[in-house]
Structures are given as structure tokens and as C-alpha cells.
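Written out below as C-alpha cells is the structure these notes cover.
We just call them A, B, C and D in the order they show up, numbering each chain from 1.
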Amino acid sequence: MDKTIRTLTDAVSKVTDGATVMIGGFGGSGAPIELIHALIDNGPKNLTVINNNAGNGRIGIAAMIDAGMIAKMICSFPRSSDPRAFTDTYLAGKIELELVPQGTLAERIRAGGAGIPAFYTPTGYGTELAEGKPVAEFDGRQFVQERWLKADFAIVKAHLGDTHGNLTYRKAGRNFNPLMCMAATTTIAQVSQIVEPGDIDPEHVITPGIFVDAVVEVSNPQQEEELIRAGVAYAGGMSA
Amino acid sequence: MDKTIRTLTDAVSKVTDGATVMIGGFGGSGAPIELIHALIDNGPKNLTVINNNAGNGRIGIAAMIDAGMIAKMICSFPRSSDPRAFTDTYLAGKIELELVPQGTLAERIRAGGAGIPAFYTPTGYGTELAEGKPVAEFDGRQFVQERWLKADFAIVKAHLGDTHGNLTYRKAGRNFNPLMCMAATTTIAQVSQIVEPGDIDPEHVITPGIFVDAVVEVSNPQQEEELIRAGVAYAGGMSA
Amino acid sequence: MSGETQTLDTRDDIKLSNTQIAWRAAQDIEDGAYINLGIGFPEMVARYQPPGRQAIFHTENGILDFGEPPAAGEEDWDLINAGKKAVTVKPGAAFFHHADSFAMVRGGHLDVAILGAYQVAENGDLANWRVGSKGVPAVGGAMDLVHGAKQVFVITEHVTKDGKPKLVSKCTFPLTGVGCITRVYTSHAVIDIADGRFVLREKLAAMTIEELQAMTGAQLHVDGAVADLVVPAL
Amino acid sequence: MSGETQTLDTRDDIKLSNTQIAWRAAQDIEDGAYINLGIGFPEMVARYQPPGRQAIFHTENGILDFGEPPAAGEEDWDLINAGKKAVTVKPGAAFFHHADSFAMVRGGHLDVAILGAYQVAENGDLANWRVGSKGVPAVGGAMDLVHGAKQVFVITEHVTKDGKPKLVSKCTFPLTGVGCITRVYTSHAVIDIADGRFVLREKLAAMTIEELQAMTGAQLHVDGAVADLVVPAL
């Protein structure tokens, strides 16, 4: 068994029009910029994208929006230091937004991965984000019913990955990545280094390989924050 | 901030009559034998105990049952290589049993720790273990509603622990321990070695210190399986 | 139907041994499959992985990719499987807690779970955790394992020791799960469960479909070819 | 009530600065407390921990016990806080994923969360995520943070820039959470929320309760002594 894929383009080649795609990262931390750009080159349209944010500047998810690939964003915070891509598209009525509180977003994704179709949370009770959702009382307090989130694909950024798909992460770059690995039919991870099975201590594996389908090496990954500060715009065709 | 407690007896001194106590371990793996025996010496009665099993031989949870400390067991598998303590007490009608499927037990404890009062699971639907529980349909399939489990105390076995309460575990000794740390008002961990903050890499912390209240060092912990094979019975008074 | 079958002899001369049933089930596990084997008889399946295929074994108590038992005296009692037997790990193993372990189970991440059975019904219901209301009930992970794995197989004798059918129209023992079993490997046959029916796929060449039907507590359907159930001497 | 207050001047000469409000809130954080500070103004609270006390700071994106920003040029952009600012970690820090992070939040493990506010109502309702229905809505972790922490504090100006009360009988802006705030530190007072009422605990010595009431959109109750709100020059 070897889950290694040689090129970024091959890694995302199965993502086709209309797919639901979870993309890891919180802002730029743990964001799989190279996989996103390869996806832009492949050019599937009408995607539903799940991420905590909704892109920054002219790269990554923002560049997907600019390329007209995203029909709907499910996120908690569609703002950034340079939110033009989402803001302009949203205000023009050309992208749908499902706004989800951040902890509920994380728990819905985990529920999708864990086979829990619905759960109750105190978060959002009595607010406009809970409108239309079932409410129930437990132990004298009111809770909102939330549903699992699943996806056709998850695109994540990890640190080490072995050929069985076991993954580690770097610092706060962990964030949504391990959850999304669990919740997608097909999970594609870019890693800074591909290692042999056994090179990652079983005690230190954060995402066990059962949750990962493909691993592609990007040895010096870009950081969204640095690209934004440098004013980079993704021009396409750079992933091959 | 230093969460170190010097003696086992002090560590469990706040567990009083009628408390609900989660005890980590799966069989003997990850079972905090020394803390359990200290608890027997302290002698609180009428406890509700949550563990995957219900004791083996004449030590650990079985010795608690023999000592008449447990009014109710919540567990998935009250059998072992030497199940006399639970079997005899249960068949004599002197201990209550709440039998919970193992994955549901784990998820209920995690829910207790995560502030999720109820969730839906496919597990147990249509069986006697789901009788009387609410059922709901999601995406054309039937699911059972299960409630969170919380406890007054969790007693767990870890490997390394720093003075802030950050913990690591050994191999499959992890099992229910990290979940129980989350779900109890007060969590007491025995560790093989107490180390300084920073000695555990932040990437390798399994239970962050926010979930732990007290850490006590037991440098060469006993393994239930070895005690059972040696025919040991806990005689009391050995924890001081 | 149970009236008919009570007169049957189990005919040891023309049935598979447990190791042969385990061997047959093992042939259907693909390379790279993630699999959970129930405690006891199903654990035997691990011994018969076809050459060139490497399945990855999951145990509920928090290990992925565990291997053979260690040599006697080399046991580490923190490294055990769900049956509380000492195991080893292979390169590429991972440890995780119980909630993550059952996320793998319930979340549909296992390719196959293989379990024993007291009874399997034609609608896929399974009874394998207790036979009555006496004694101490214990369920463990059985009720979780029957939900979530992409396929849930049963390996079992075709009939009980006293000749009663284990494949039935409706389970009479307490259920483990509803409509969860997709395939049954017995001492006499390989049977799929589809659309609420037993569909016969393979049977021992030495017996007729009628003979097999007489040992079975519900209608056996034929949908395409019925192959011979052929296993090596083991 | 808002009719009265619109005529009020905010009187810069007798109000606390934001740093002073943050300082005052910081005095109530105990040694060893686990705390989450909302993005922006609440982050200032971290600067004013009293000597000898060490609070442990949580950030939603998966760090416990993070510390000061790194020197310019030393940033690691995988090591950021919820406001996407570069941070460092202290000895004893831990990293974890978002579901575990919000288990800490929702599960009642934080001792204190401190947030900003557009409006706080006397029943503990908070409005702090949007002021209308225009533009792009963004909620982040605000709705989660108001539930679960053992105490949820607000730090805020007592009135808006145009003199309207921020402490009100009922929020008119979209709610972040219902009945979730336990204490409010303002530019003029410290006010507990108990049993659906604002209870005045401290006020600036230079003003009367009546003057404070005139700036407040709901009844201020007195239950025991009202101390002087005293802060250092900062």
C-alpha cells in the first residue's frame, strides 16, 4: 500500500464540477496553498467549499473565488486583511454563504467524520444563526440541533506524512485539518516530507492513515500570510 | 501553578460517598491501579463508577466491588478472565448495571467533556439497549438519541505528566483516559514521571493541562494483567 | 422451517472447519483494506491473508495496524487488542483514544468488519451478543461494529451444535443490529444478503441446494451462478 | 430611557481609557486561570496580569498557553492566534485541533472569557457580532465563547461614541448569546449581572450613581457596598 501521488495536479484530478470540498487551514495557518492552486489549474466549477474563512488577497481560496469556481461557501468568518474576492462576489449575489459559528463548524465536521448525524449545542441558541433549527431542552437549558457536515473531498496541509497516510502537523497549522480528513470521502494531503511507515512514532500520529487517501510532497510550502504581504496574485498554471 | 500532589491518598481524598467516578483503562491497559487502591483505603461508599469493564480478579475495580464501595457500574463489558467480584454482586442484586455499547460509552463521555448534551448514533437502534430512548430519522436512516456522561471525578493513568497537567500515554493505555479527563469536574492523573513544563513537546501533548487538576507520580506502576496472573488480591492499607 | 431442520445431522464429513471458514473470508479482503475482526473466531481471519495483500487491522481499544502476538514473556500489557490479548505493532501503526477509534468504526472508515453470530436474519439483522436474559449481559463494541463499516461479514457454522439453523427468517435472540450484515460465510456456503433476501453465492460441491436449504431457516435465493465453495486443507 | 441619554456628554475627563478598563478586568483573573480573550480590545487584558499570577491563555485555533508576539521578522505563520497575529508559546503549551479546542470552550473548561460588546442587556444577553443586516456577516468563535466558560466578562465603553447606552434593557442588535454575560467592566463602572438585573459593584468616585444611571439603558441596582473604581494611570 502506497498512498503517494507524484504531482499536485494528479492529486486533485478527481475533484469535478459540483463537488463539496473541505479545505483545511485557519487563515493561512495550515492552508494547503499549493493544492488549492493546482485545483484552480484543473478548474472544476460550481464547488461548495468548507473552510473557516473565505480567502484573503488574490491567492488560495480568494483566487478560487476570482476564478468563479465556488458556488457556495460554508464558513465562520468570511473576512480577512484583504477580503475583496469574497466581499465583492457576495455583495454581487454571485456566491452563496452559509455562516456557521466556529465551534459548531468544527463539531459538525467532526460529527460527519464520526458517524454522528446530529447533535445539540448551546451555541447560537436564541440568535439568527439558529433560526429554523430544532431546539430541545436538556437539564433545564435550551440547545440547538446541528447536523453533520461531510464532503466529497478534503484538501489539507500536514507536516510529515508516511506512505500509509499517517500525518503530523505544524503548531497551530493543525486546526481544522485533522477533522476534515475524517469527514471527506476522499482526503488529499500535501506534506512537507513523505517518510516511510514507522518513521512517525505511533504515539505522535495525529491523523491515522485510515482517514487519508492521497499524500503529495511539497517540500517548501508557501505561507498565505507571506504571499499576501508580498502582494502575490495567483496567475494560474504554476502548479505543474 | 503546580498541580502536583505528593501522595496517592491525598490525590483521591476529595472523593466522598455518592460520587460519580470515571476510571480510565480498558481491561488492565491504562488502568490506574495505584489510585484505585488508594481510593479503597479512603473508603468512600455508594459510588457510581464508569469504566469499560467491571473489574477482574481481586484487585482494582473488582476490589472496590468486594469492598462494597460501588452502587452502580456504567460499562460496556462487565466480564473478564476472573469476573467473580462483579458477577456475584450483580446476581445477588447488590449492584446496579447500566450497559452501554462501547463506542456509545466513549462518545457519551466525549460529549460530556465537549458540552454536547445529546447526540444521535446508529449504534443500538432496534436493540434492547435502545429501549425507551428517543429515535429520529436523518437522511432516511434511523438513529438513537444518547445523552452526555459527566462525572465528579476522573481517575486516570498516564505516562508523562508536567506540573501544568499536560499528559501523554503509553500505547493502547490511552483508550478512555483522555476522554474521561475532559468529562469530570476534577481529574486526578497518576503518571510514571512528573516533568517540567516544556519537557513534553506541545505537538505531543495528548491531554492538555486544562483538563487535569492533580498529578501524582507512581514511577513503576503495576499492570492489572500481571497482578491477576500472580493471583494478587488487594488487602488494603498498601497505598500510604 | 425449524421443525424440518431439527432432524438434520450436521454432517462433519462435509463441512468446513473454522479455520477453513476463516480462510475463505480472508480471500475477499482486498490489499490495503482497513478491517476489524471480532474477538475470538473472527481473529483467525488475519492468519489467511492472501500473498501480496496487506490488510490493516483496527482494534477498538485504539490501535491501527497491529500485528502478531509477541513471544511469551515479551508481552507489554499496555499493548493489547480488544480481546485483551497482547499484540505487537507494525511500522506505520498509530495509537488513538476510544472516541477517535469509534469515529473510525461509526464514521464508515473501515472497509470490512467480520463478526461471529448466534443468528443472522434474511433482512440482515444480527444477533450475536446474548442468548437470553439470564446471567451478566456484556456487549462491548459489537453494536458499534455492525454500523459504519462499509461491509459487515459474518463467519459462522451453518447450524447450531444441536442442528438448529443460524440463518433464519427472523432472529429470536436479542439483536445486535438491524439490517447490518451484507455477507455470511458458513461451514457450508457463502451467502449475500441483498434486498432482504439470502442470495446463495457458493456452496460445498458435495451437497445440493435442496440439502443446504433444509439446513437454513429462511428461503435461499439463487441470482446468477452458484459457485463451488472450495478451500484448502488447513 | 434612550431619550434621556442622548443628551449626555461622554465626559472624557472622567472616564477610563481602554487600557485602564483592561487593567481593571485583569485584576479579577486568578492565578492559574484558563482564559480566552476575544480578538482586539480584550487582548489588552493579557498585558496587565497582576504580579505573581500566571493565567494560561487559550486561543480557539488550537493553542493553550501562548505568549507574547515574536520580534518582527521572527514570525512563524503556523503559530498564530485567533486574530491571525503571530504569537509564541510558553513552556507547557499544547497544540490541538479545532474540535478539541471548542470542547474546551463549550465544555465549561475555561475559567473566564472576556469579550467586547455592542450591547449588553440586563438579562445577560450579548450583542457583539454585527450591527445590522448589511455587508458580509462574520461570526467566528464569538457565539461559542459566550457559552461554556465559567464566567463571561464584557469590557466596553459605557456608552457609544454618540452617547447612546451600551448597557440596555433589551439588545436591539442581533444577539451573540442569550443570558450569557456575568460581569461588565466599562469606562465608568463594574457591574455584575445577576437574576436578570444590573448590580452596580464599582463606579468612578467622581460621579454619582444618578449620573451613571443616566448613561445606562436599564435600571442599576445596588446590592451591598458600591466601591470606588480605582485604576492606575497607564
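Basically, contacts are C-beta pairs under 8 Å (C-beta built on N, C-alpha and C of every residue); 3 or more make two chains touch, one makes a residue touch a chain.
None of the values given here were measured: they were computed from a predicted structure.
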Third chains touching both chain D and chain A: B
Chain pair with more C-beta contacts, A-C versus B-C: B-C
Distance from chain D to chain C - Cα centre to Cα centre, in angstrom: 57
Approximate Å spacing (C-alpha centroids) for the pair chain B, chain C: 30
Centre distance in Å when chain A and chain C are each reduced to the mean of their C-alpha atoms: 37
Residue numbers of chain A (touch at least two other chains): 107, 110, 114-116, 121-122, 169, 171, 202-203
Multi-chain contact residues (two or more partners), chain D: 63, 89, 95-96, 99, 102, 105-106, 147-148
Chain-level touch network, classified as line, ring, star, complete or other: other
In contact (per the touch rule at the top): chain pairs: A-B, A-C, A-D, B-C, B-D
Chain A residues touching chain C - in the complex, by the definition given at the top: 1, 110, 112-116, 162-164, 166, 182, 196-198, 202-203, 205, 208-211
In the complex, chain C residues that touch chain A: 31-32, 34, 54, 56, 58, 63-65, 89-96, 99-100, 102-110, 147-148
Of all residues in chain D, those that touch chain A in their complex: 59-63, 75-80, 84, 89, 95-99, 101-102, 105-106, 125, 135-144, 147-148, 174-178
Residues of chain B defined as touching chain A within the complex: 107, 111, 114-122, 136, 138-139, 141, 143, 147, 168-169, 171, 202-204
Interface residues, chain A side, partner chain D - complex: 26-30, 52, 76-81, 83, 86-87, 90-91, 97, 99-107, 109-110, 121-129, 142, 169-179, 206, 223-226
